[in-house]
Amino acid sequence: MAEPETIGELLSERGISRRGLLKYAAYLASLMALPPWQSNAIADALAAARRQSVIWLSFQECTGCTESLTRSFSPTLENLIFNLISLDYHETLQAVSGEAAEQARRSAMRDNKGKYIVVVDGSVPTRDGGVYGTVAGQSMLQILNDTAAGAKALIAVGTCAAFGGIPHAQPDPTGAVPLTSLIKDKPIINISGCPPIPEAMAGTIAYLITFGRLPDLDHLNRPKSLFGNTIHDRCYRRSFYDKGLFAKSFDDEGARRGWCLYELGCKGPVTYNSCATLKWNGGVSFPIQSGHGCLGCSEPNFWDKGGFYHPLSTPTGHPTAAVGAAAVAGIGVGAVSALLARRAKREATSTGEKP
Amino acid sequence: MPDADSIGSAPPSGAAVVSGVLREVAERLEALAERGECGVIDLKSLPLSDSHLQQLRERLGRGEVSAQLEILGPSEIWETRYPGVWWVRHLGVTDLVAAERIEITRVPDILSAALPDVVTAAQSLNDDLALYATTRRERTDHGRT
Amino acid sequence: MTLLDFARGPALAVSFAVFTFGVAWRVLFLVLLPWSRDRSVARGSAPSAVVGAVRGFARHLWPRKAFAGAARFTTVNGYVMHFGLAIAFFGFAPHILFLQSVFGVHWPNLPSGLVSVASVVTLVSLVLALGHRFVSPVLRLISTANDYFSWFVTALPVVSGLMAVSHLWAPYETLLAVHLLSVALLLIWFPFGKLMHAFLVFVTRSETAIHYSRRGTVL
């Protein structure tokens, strides 16, 4: 039998009816904040589209992003995404290894020149020519530049690829940078989070396949539909914040009653992500619902923002030395100027002038 | 663990959204009646808590038709007390709601068989019949010898 | 570094240092100045300097009947503004966290709604004070840039704080950053302008009270 040309044919071959695609389209429209009446058109577009060639590059990362995306195993709606793409290279998931794996990447790049999507998780080490991260004898920096050259678009999944993340955190020994610092001539979508919400990754890829263009992005290149609101804005504990009811420790009465976690360092008010609405593990819960404040993992430099348990309204630095020095200097200047005044008075008195 | 629903919902207040949704349903139903225009309201995109959804379901009630679908996980569709207004709920992994919407239409598209599926079905039914005929012939042939 | 990172980090650190330097300088300078000795003979009925100072300070908390009419507005409005500011500053949970992280002490917070009301009242009172300064010919005559700027750096944290709480016009992170920066500005200006009265009011009023009580004047 001939290779299926379109996603519709492929799904039909795999026993998934057009109804399945309609259902997926309804889910996708809701996820990506598309007009709900467009779901029929989305299903048609997906059915007629070719499978999207995807090359997944893993750089300075922990594989948590891949874990997140592949976490649900059952052949269900959320996993339909794996029928929409042809994952041509992914070091963790592909069966082949060594030279055969690199060959797969090169042939995908050749066969789909200008049409493939590059997904990157992990930041790119740039210090000392990028020697701190190599795959198959090539630096990650080199691999990225080579692979991105023929790509249609790049998706940076995870905070490391999007903003540098943990490798970029102080003292940043490898000179880790995000994709946007290196690739200037291709569209880049950032799906930040540590890890990102799986639906956010899958939904964005599906959007690209369906419409052939980028979704609306915010100033940090993140899809507005998923990163348009703060955690705080959609948090079910918000009413307690408004009433001024705060948990003071993780095991006090307020914590048990589910009061706001602002005082325990929750970064929800300044963190843009969909955790409060999409939630995690297929919608079971999210950190705040489990009793822990938001770490702000989908924001740039979240690791270096003065501590996860320090409330947002507090200063991040403890300039004890500077303040101490300022006090000493103030006392010194005050004392000297007072002494000068005393001397001036004494001289004035001794010369007979009235003070 | 605190129950998200008992604690109150995100602003704006859910009660206002419930009546807002009902007004929109009424408007769209009028459009369907007068001009044959179909409409969809995505409930997941609205700040509705479970109890507000429950309220909404009760206000709309249940009508004559309901259907259980098994497509990449279960789905449920029922016509509300108001013909032309359908409640569509798609479940995904572990029975969590993947999409929940109110469709204002004569019949939701997902209920009718799509043409490509019908084409495939016609093909596969013919294949099945041919296969059945072949096996029967073979069996009769075996019986004779 | 985002604006909020800058506000929470370097901006506050610098403002703490400048504030400490300025206050230390001005207070110590005042204490060590060659004060003229009061050469008058104290009246027999005169109380000790400390008692005189306390008594005079207390007496000045409210104007005498003769001045009640003229001073009523400034007195009442002044109290409203200062109490409102104190309620908002010491009662709001995020402020207590701020103070706790700096000084290590904390206390129970007031409901956010009450704090918002206090802040709005403070703001109204600040606007009235400024209006009065414009309208009153005498006040207008003696007002300097110092007065207006001190008013400005006091009003700014109140306005930006209210905006941050109500998430008005800009994202919370921006509003919070602006609020913290306005506090930094206030702290930096504090020792060098009229805001220093928060410390010096005790010095000046006591000084006046001692001067008069020594001469037997009952204020």
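A few remarks follow.
Chains: A, B and C, in written order; residue numbering restarts at 1 for each.
As a working rule, a residue touches a chain if its C-beta (ideal position, glycine included) is under 8 Å from a C-beta of that chain, and two chains touch if they have at least 3 such contacts.
Every value quoted in this text rests on a predicted model; they were computed, and no experiment measured them.
In summary, the chains found to touch both chain B and chain C are A. Averaging the CA coordinates per chain and comparing them to the mean over all protein CA atoms picks out A as nearest. Per-chain CA centroids place chain B at a distance of 64 Å from chain C. Chain A and chain C have CA centres that are 44 Å apart.
Chain geometry summary: the mean Cα position of chain A and that of chain B are 33 Å apart. Chain C meets chain A in the complex at residues 1-2, 4-5, 8-10, 12-14, 16-18, 20-29, 31-34, 36, 92-95, 97-98, 100-102, 109-113, 115, 171-173, 176, 180. Those residues of chain A whose C-beta lies close enough to touch chain B in the complex are 8, 12, 16-20, 22-24, 26-27, 29-30, 33, 36-37, 39-40, 47, 72, 74-78, 80, 233-240, 257-258, 276, 282-285, 289-291.
For chain A in complex with chain C, the residues that touch the partner chain are 230, 232, 241-244, 246, 262-263, 269-270, 300-301, 305-306, 310-317, 319, 322-323, 325-327, 329-331, 333-335, 337-339, 341-342, 345-346, 355.
Contact residues of chain B toward chain A in the complex are 1-2, 4, 7-11, 38-42, 44-45, 47, 49, 69, 71-73, 75, 88, 90, 92-94, 96-101, 109-110, 114, 116-117, 120.
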